[in-house]
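Structure, as structure tokens:
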Amino acid sequence: MTSSATPAVAIDGLGFVYPDGTRALTGVTLSIPRGQRVAIVGQNGSGKSTLVRQLNGLLRPTEGRVLIVGRDTTGRHVAQLAAEVGLAFQNPDRQIFAGRVRREVEFGPRNLGLRGAALDAAVTGALETTGLTQQAEANPYDLGYSRRKLLALASVLAMGTPIVVLDEPTTGQDARGVARVQGIVTDLAAAGRTVVGISHDMRFVAESFERVIVLRAGQLILDGSPQEVFAEANWPSLASTYLEPPLPARVGAVLRLGSTPTTAALVRALVANPGDLRAW
Amino acid sequence: MTLRLAGASYRYAGARSPALIGVDLVIEPGEVVGVVGANESGKSTLCLVAAGLAPASIGGELGGSVTLGGEETRSLRPHELAQRAGILFQDANTQLSGTARSVWEEVAFGPRNLALPVEEVVARVGRALAVLGIEALAPRDPQRLSGGQAQLVALASVLALRPALLVLDEPTSQLDPLGTRLVGDALAGLAAGTGTAILVVEHKTDLLERLAGRVLVVDGGRVVRSGLTAEVLEDPSLGHLGVEPPSRVALRRAVEEAGLRLDPGALAPAGSGHAS
Amino acid sequence: MTVPATNEGITPGVPEFVARHPTGAYAGLSPTTKLVVAFTEAAVAFLVRGWTGPIAVVLVVATTAIIARVGRRMVPYVLATLPLVASILLINTFLFPGATDVIARIGPLIPTWSGLEAALQATLRVVAFALSVAVFSLTTPTDDLLTDLERRGLGRRGEFVIAAAVRTIPRMLERAAEIVDAQRARGLDTEGPRWRRVRGILPVAGPMLTSALTEVEERTMALEARAFSAPGRRTVLRLLPDSAAQAAVRWMLLVGTFVVIIASLTGLVRVP
């Protein structure tokens, strides 16, 4: 029985070993409430992609378990979990297969059983959100890389899943593309959907997400708000997984203004401390 | 070897309108020039034209003059161009040969094509792998690499040709901050140490701030801004042109908008900084 | 022309995983030698009339398989011939034209001894061929063969085309698996009853091929950008073992096989 307090995602003691013996995750435990915006960060190979693939069943736990909206993923097909967890792949070319943008976006919702007017609405909505309405009849391979990435995102958005996972949504995007993705993350959460984002871009992470989970070598080493995670006390831990806090956090530390992970937070801190000798 | 574009225009074969219009650009040996702009503004076309692949390899119409070391690119054959200008495409996977058994052999592909002596091939491959810190990938199957690893291998393959001009189209797009830093350092080292001229397209303006001496902004196939990195990246119209200003610039602007000012020393690069 | 048996002294610095090649009794021969052996075995298996040809090939192949120690791994190759062998046996035994030496009458079916004999002989040819292909594949990595052939004049384009073709299929299968994974994440059901799985995967196959083809232009450009069309011979990284003795054996095999086949086909020499 689910209640409003049931977390969207509950992970308990999760461990994962690849068939060739490589261990990718160890003892990961965390819980994501509905509607939260969570970023997962860490260097290449730290287990980020492995972790999110446990959410929709593409990979299965070696130890521990994963609960999606209160139900264990064990025994549930990937196709069944796809109704609850939408995953936009990092490389759009691994996801795109249709000859036309519209057909590509239709695929997911169609698999979930949508037809007719409901299907059209889902597709049209997703195309609008990602700015691809004009390209609806185009061949995906005539679009540039960043548009194909948005197409992969649209294909997942159209499925209307309560949990949306974005794997590196801003790589290769120009400023407008990044702004669009940021808007999408905010809008999804505002609509009550849970957003999980993997990213290397600490500025994007600090500005768009309310919670940051840091992985190193398959283990969870930090978990908190951007303000907590990017605080100076944690910089050595971040450095151990080759991450650097965003510029505003560094400036805020230099000016002894506390933890200011975003530009807005730094400005607020400066305005609140007019006596600071570095600002006038 | 100097790259010189004078009034360069280019139209893809079968296209109705030109993708590049009236570009003037000079890159001297040892210079690093950054290129920014919205997606589909012509940056990639500029790369193909600078490396001579347009028109030598893909046809189309080239107007104006594009010279490498004084020779017009349209008069050079693809393999002659390859020895002068190395190009890294946005998509690392299509750039890899697809026939090499190991990363080592993949990186050796270019030097082998030039019929260099074996010792030279071995030296170049070793150096290219070392400069990017990917010696450990040498025995791996190139088809089984992650996106970031493939990008580094593709870059190493281009470096192994030791071209006098490097044209790089978003070389760090798939890399994490560590990889980005490595590539940035490697490129800076190449420019300074061997006098390689470098043209690099990037969205990461923070990286260009550290790496490039000059920056061009491309919009609608034209170069609309050109100058020293600091000046161009502080241009307030950058956002309208689809370019994210560097973190430093964005931060300073936000603070100034709130009616405050920050001592420039507070914005010094990470690690160098205590209040001055 | 004598070529050194190993290349360690010739190419210092080339890593072991690049330079290595099979060693051992049969596997250590030049790839071209093994290719000639396989070719002559196949030719004899199919073109020499009578039982002697195929039997000789089977014996030779069995010997080389034992020397090269690949015996057990040949089983899948033999099993792969079963469907063909089964149809040969059935068709020839029951439908051999003009045969009158009937074995039995089973309703409408009339198996004949001549038919059975022809069937068995044909079966033996197919099995002999399969075994020779097996030994060749198991002792000769494709890359070794292509490297050797390139050195002998195949040229970089020939090598590239064959190597790309050989690698394309596994790569497309892997890519298909990745695409299918992505589609499963969008609700494509691959874990239900088999028929549903097949029906689900079909729409993915066609467009996947198209996208593989659209990459071709960019790949060609990338090759040229790496000086692929430069003139002359590419640098040789690996010298595969060869010797004057092997060269002589290759010529003898080719000539000898040619003679035997002609003799058999023209009926000059009758062998059982």
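The first chain written gets the first letter, and so on, giving A, B and C; residue counts start at 1 in each chain.
Rule of thumb we're sticking to: contacts are C-beta pairs under 8 Å (C-beta built on N, C-alpha and C of every residue); 3 or more make two chains touch, one makes a residue touch a chain.
This is a predicted model, so every value here is computed, not measured.
Colleague: Would you mind telling me which chain pair, B-C or A-C, is linked by more contacting C-beta pairs?
Modeller: By number of C-beta pairs in contact, B-C is the larger.
Colleague: Taking CA centroids for every chain, report which one is farthest away from subunit C.
Modeller: Result for the farthest chain: A.
Colleague: Cα centroid separation between subunit A and subunit B, in whole Å?
Modeller: 29
Colleague: Indicate the whole-number Å distance between the mean C-alpha point of subunit B and the mean C-alpha point of subunit C.
Modeller: Roughly 44 Å separates the two chain centres.
Colleague: Where the centres are mean C-alpha positions, what is the separation of subunit A from subunit C, in Å?
Modeller: Taking the mean C-alpha position of each chain, the two centres sit 48 Å apart.
Colleague: Multi-chain contacts only, two chains or more: what residues does subunit B have there?
Modeller: 91 - these are the residues of subunit B that touch more than one other chain.
Colleague: How about subunit A: which of its residues touch subunit C in the complex?
Modeller: Those residues of subunit A that touch subunit C are 56, 58, 77-79, 82-83, 85-87, 89, 93-99, 107-108, 110-112, 141, 155-156, 159.
Colleague: State the interface residues of subunit C toward subunit A in the complex, per the touch definition above.
Modeller: Residues 175, 178-179, 181-192, 203-204, 207-208, 210-211, 214.
Colleague: Spell out the part of subunit C that touches subunit B in their complex, as residue ranges.
Modeller: Spelled out, the residues of subunit C in touch with subunit B are 10-15, 17-18, 143, 156, 159-160, 163-164, 167-168, 171, 174, 215, 217-237.
Colleague: Please name which positions on subunit A make contact with subunit B in the complex.
Modeller: 43-45, 90-91, 144-147, 171-178, 200, 202-203, 242-244, 246-248, 250-251, 254-255, 263-264, 266-267, 270-271, 278-280
Colleague: Which of the residues in subunit B come into contact with subunit C in the complex?
Modeller: So the residues of subunit B touching subunit C come out as 51, 53, 56-58, 77-79, 81-83, 86-87, 89, 91, 94-99, 101-102, 104-105, 108-119, 121-123, 126, 138-139, 143, 157-158, 161.
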